[in-house]
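For clarity, chains are labelled A, B, C and D in written order, and residue numbers in each chain start from 1.
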Amino acid sequence: MSHHIIWTTIGAILTLSIYSFLYKDNPFYKFAEHLVVGISAGYYLVIYTFNFIVPNVARPVFGLELGGEAIRFAGLEWWMALIPGLLGLLLYARFFPKFAWVGRWPLGIYVGGYAGLGLSPVMQARVLQQMEANALPLTSLTNILLVVGLLGTLIYFFFSMRHKGVLGVFARIGIVFLMVGFGASFGYTVMSRISLLIGRVDFLLSDWLHLAGG
Amino acid sequence: MDRFPRILLIVLTLALPALPLFAQVPPPDIEIAAVDSVAPAPVTGLRAHDYVDNSDAGDKIELTWELSADDAAGASDVVRYEVFRSEIEDAPGDSVGFALAGFERFLDTTAEAGTPYYYTVLVSDGTLLSSPTTTGPVRGVSNFFQPSRTSVLVLALVFFVLVLIFTRLAERGADLFVRRIPGLNAIEEAVGRATEMGRPVLYVPGIGEIDNIMTIASLNILSHVAKITARYETPLIVPTARAVVMSAAEEVVKQAHAEVGQPDTYNPDNIRYLSDAQFAFAGAVNGIMLREKPAANLYLGAFWAESLLLAETGFEAGAIQVAGTAMVSQLPFFVTACDYTLLGEELYAASAYLSKEPKLLGGLKGSDWMKILIIALMALGIVLNRLNASWFVEFFHTQ
Amino acid sequence: MSWYDKLLQVDRRWIFLAIGVAVVVPFFVPLGLPVIVTEPVQGLYDAVESIPPNDKPLLLSIDYAPATLPELEPMALAILRHAFRNDVNVIVMTLHPAGYGLAERAVRGVAEEMEQVEGEDYVFMGFTPGVSAPILGLGVAIRNVFPEDAYGTPLDEIPMMEGIRNYDDIPLAITLAGWSAAEAWIYFAREPYGQQVGAGVTAVMATDYYPYLDAGQLQGLLGGMRGAAEYEVLIEREAKGVKGMDSQSVIHLLIIVLIVLGNVAYFAQRSARRKMALEDA
Amino acid sequence: MRRQLPLTLCFIAGVFMAVQYFIPHWRVQDVYDRFLTWLQIIFAFAFLLGTVSLVKVHYHKIRNRAADRGFSWVVLAGLGSMIGLGFFAPGHNDPGSPFDMMFQNVQVPIEATMFSLLAFYIASAAFRAFRARTLEATLLLIAACIVMLGRVPIGDLISERIPEATRWILTVPNLAAKRGIMIGVGLGMMATALKIVLGIERAWMGGGD
């Protein structure tokens, strides 16, 4: 048996262990479920380390080299790798209850930075551009439906007034659009899950057993 | 009648210079050989200026010129315009690129902000170069404001001011109106039914972490539900998938019992941590449904694929089910398998309505009035577009 | 016990078995149903098609994890085959740590099959963390985000990367993701830098991306295995996507039948119970 | 130091990142560019916190002799073997190395199979729980069935109208509804981000002083 077949068989056995859950919860399923937690954590640790932390932090700080170019000890580039690296290490203070509060410093920079950089692009992508795309001339049935549908949906999620009168009518229209939209999501979600099953069956039949055309 | 061909001829001649605009751009490495041995005429009216765009840090300079006399006219053998850049006058400097025949514009995107540059354009017919035309010095100006993003700034500021005003008003105890969400009535009815039947209520706060805003919203609603069940002495079972959520839920339910004067009926065994693993958690909750037969199942919080497994078993067991989540992809399953579903933002609105917490109310009211503004702007856009006033739409154009 | 009671009490493992049979049989008895191409897929194909050969590269961000592999890997393979067939250079990267192994196996596999040279026709950058920060960073300078490729070669030593600085030199960026990374590319590459973006997402996410497609924020959209199948039809190289469509057809039909049957039995049971309650009263 | 400094750092970082969007000046963009790298580095260290927590949880389970501690050993063994192969095996993460093979043949099949279980559960729920009891649910199910048919080749075979109807559902009612949700959720995201930057929302700091 070649190397390749052994590995594929391991994959197939693990796949079948997961499917055994359909009969009922059992130790094979639990084994696979726990194994993947450990394996994936280990995989991520190695990838983060060698693909990011080594070239962007460790080598500039200790090897004085960044992207194939030498950098100066205590020069700007050196500090620019060292400081965020130290901030990152400070996060681990949370495992020492006495110093846990130090971990909030890098967390503050991180949380604030990410919150701030999202503000304007989100406004632009989710509000402005959508508004612009929906300011359609009311010349065709499609356009009218798009404008009325968006209006209805926005009003359905408007909480500062009771849904009475005109507002109530639009909210009703909104719910109709929402339900058809959710129907589309439903259909697509079903499609998604089935594709995943097809992919796994294809793996078992074609890649492992070589039964149904490679 | 014989005038017709002549008019056609004139029109065609006039249209000729425009042809390159419609023609397929030839790949640059295929050069057409010169039809003569005379160098092409140089460009005229060469101008260079700082260019402002969406990422303008002063690194872009735009060049414009008038076409060489031999481009599509005269000898009609121009292939391309070569662009050179130098920091000293009277030196050709380095090539920064080229523009194909028929084009009157080149954008240099590699300039250094603030450095004075001289640009030289040479016309090439594939073998010979024209005499140079030079312009300069020109500097790329680094700007302090991005004019194309004015609309983003204005709308963002309006929204932030709205949120902050409403938050402050709520802090001062102003009575901010939020309509009652019909879903809350459905929750109360379900709990009422369970009380009548003398069976427990099951409350699943999702499988999100404690910092997930859906989990936080859910805990606010749990507090409301726990008060009702404590008053009627109906058992309330809360299964959780996260240890931290379990301790938070314990606090909430205990507090609710204390508030309605029933601290003794609080049963800590009913707040349970089952499993962190998604499907194992769903399986364990389904076990509770089948063994302890709750009459009302409430699923409020962040749900992923397990929504389906929970709602199916609950439906089979014949419980009244009310769900609420902002996970759009799970909503369809809840809508079709539950008696009532709080859709998306309704979950947050219900939580703000019940808790009256200023920061929740501020966000909710701010978003509400922003929606009105958006509807108004869209309506204005439609009307002004109809009147051919394009400036309005252009103001909101960011690309 | 009437028919509807019996029907509604059937053990669900019979339904599981029916699904199992419905997915396996088409593998042995292919129906070979034709796949029709839709606009969002055509849009992405056209965008890739319009990239000039051996010039500025396509950026392909393989951001998926194993959980969505059967839907998204066929897309990656089809797009890579399309680009390599047209001699379009490709930069491959990933924003998901598990994407590292998956991107590597996709790009290396197709490159070997189509005899493409690493460093000249494609480059594999590997993984970079932080989602929005690196997407924004690529708009400033690719070298700041990836000082070197996945194998430690500095970018300045890679022939294909000569003169490629940032989004200005990338005609199209495609993200293949089963999570919010696809949206992040719209927020942080499309909006601030005007970068042309295309996306391949799972079918679960696809319907939520139609507003972006409509507003021109996406050049094209592949949704799930069906999207991959359409792309395979367009490049005339049918693979796992098209192959899966037979089983997909059969199971969809089965599920619709189950929904209809379930509802008919449910309403029959309900009206019978109501009638009984009326008679009792 | 304990609460004020992190809130101040959060405020400065947030305001700078928000404001730089409108300032193309190269001095601002230079700082911005460096700050992006800082964020990436802190993100990487933050992500790896999860690994330490994982070890902690399972170590405690084993030490406290929890009932299912056998599976905690499985988790730690998986983690340990990957670290061993990734850091110490020759050619550690090259394609075809033991490290890569473990990923491709253990992690990939398990994770990929996990969610395919849902195909079975959806089928079972379709039969036993998806009911057209209300007008809303009826509309939803009808739209769902059309879309399910319209997106597979067999739908085209039954009638050309089905893919057409699917296209219409996706690009008209679905588009309008999803756009409404998108705007609402977008505003919610921005309100949350604003509250974080201004220190109104400080759940990220956790409890204590």
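As a working rule, a contact is a pair of C-beta atoms (placed from the backbone, for glycine too) under 8 Å apart; a residue touches a chain by one contact, two chains touch by 3 or more.
Since this is a predicted model, take the numbers as computed values, not measurements.
K.L.:
Among all the other chains, which ones are in touch with both subunit B and subunit C?
P.N.:
A, D
K.L.:
Count the C-beta pairs in contact for C-D and for A-B, then report the pair with the higher count.
P.N.:
C-D
K.L.:
Any idea how many Å lie between the Cα centroids of subunit A and subunit B?
P.N.:
Averaging C-alpha atoms per chain gives centres 15 Å apart.
K.L.:
So, what's the distance in Å between the C-alpha centres of subunit C and subunit A?
P.N.:
14
K.L.:
If you average the CA atoms of subunit A and of subunit D, how far apart do the two points sit, in angstrom?
P.N.:
Centres of subunit A and subunit D (C-alpha means) sit 3 Å apart.
K.L.:
Could you say which residues in subunit D touch two or more other chains, in rising order?
P.N.:
21-22, 29, 37, 39-40, 43-44, 47, 93, 103-104, 107-112, 114-120, 122, 124, 126, 128-132, 136-137, 140-141, 144-145, 148, 151-152, 170, 174-175, 178-179, 181-185, 187, 190, 192, 194, 204
K.L.:
Where does subunit C touch two or more other chains at once, residue-wise?
P.N.:
Residues 16, 19, 23, 68-70, 98, 100-101, 128-129, 133, 136, 191-192, 204, 207-208, 211, 214, 226, 248, 251-252, 255.
K.L.:
Could you pull out the residues of subunit A that touch at least 2 other chains?
P.N.:
Each of 21-22, 30, 33, 40, 43-44, 47-48, 52, 56, 114, 117-125, 127, 129-134, 150, 154, 156-157, 178-179, 181-186, 188-191, 194, 196-197, 199-200 in subunit A touches at least two other chains.
K.L.:
Which residues of subunit B touch subunit A in the complex?
P.N.:
Going through subunit B, the ones touching subunit A are 149, 151-153, 155-156, 159, 177-179, 181, 277, 279-280, 283, 328-329, 331-333, 335-336, 343-346, 349, 353, 364-365, 368-369, 371-372, 374-375, 377-378, 381-382, 385-386, 393, 396-398.
K.L.:
Quick one: which bits of subunit C touch subunit D in the complex? Just the residue numbers, please.
P.N.:
8, 10, 12, 15-16, 18-20, 23, 31, 33-36, 38-39, 65-70, 98, 100-102, 104-105, 108, 128-130, 133-134, 136-137, 140-141, 144-145, 192, 207-208, 210-211, 214, 226, 245-246, 248-256, 258-259, 261-263, 266
K.L.:
With touch defined as at the start, can you tell me which subunit A residues reach subunit B in the complex?
P.N.:
The touching residues are 21, 25, 30, 33, 119-120, 123-124, 127-129, 131-132, 134-138, 147, 150-151, 154, 156-163, 178-179, 182-183, 185-186, 189.
K.L.:
Can you check the complex and tell me which residues of subunit D touch subunit C?
P.N.:
21, 29, 32-33, 36-37, 39-40, 43-44, 47, 93, 95, 100, 103-104, 107-112, 114-116, 119-120, 122-124, 126-132, 141, 145, 148-149, 151-157, 163, 167, 170-171, 174-175, 178-179, 181-182
K.L.:
Which residues, counting only subunit A, touch subunit D once they are in their complex?
P.N.:
Touch list, subunit A to subunit D: 7-8, 10-12, 14-15, 17-19, 21-22, 30-50, 52-53, 56-57, 80-81, 83-85, 87-89, 91-92, 94-95, 100-101, 104-123, 125-127, 130-131, 133-134, 142, 145-146, 148-150, 152-154, 156-157, 174-191, 193-194, 196-197, 199-200, 203.
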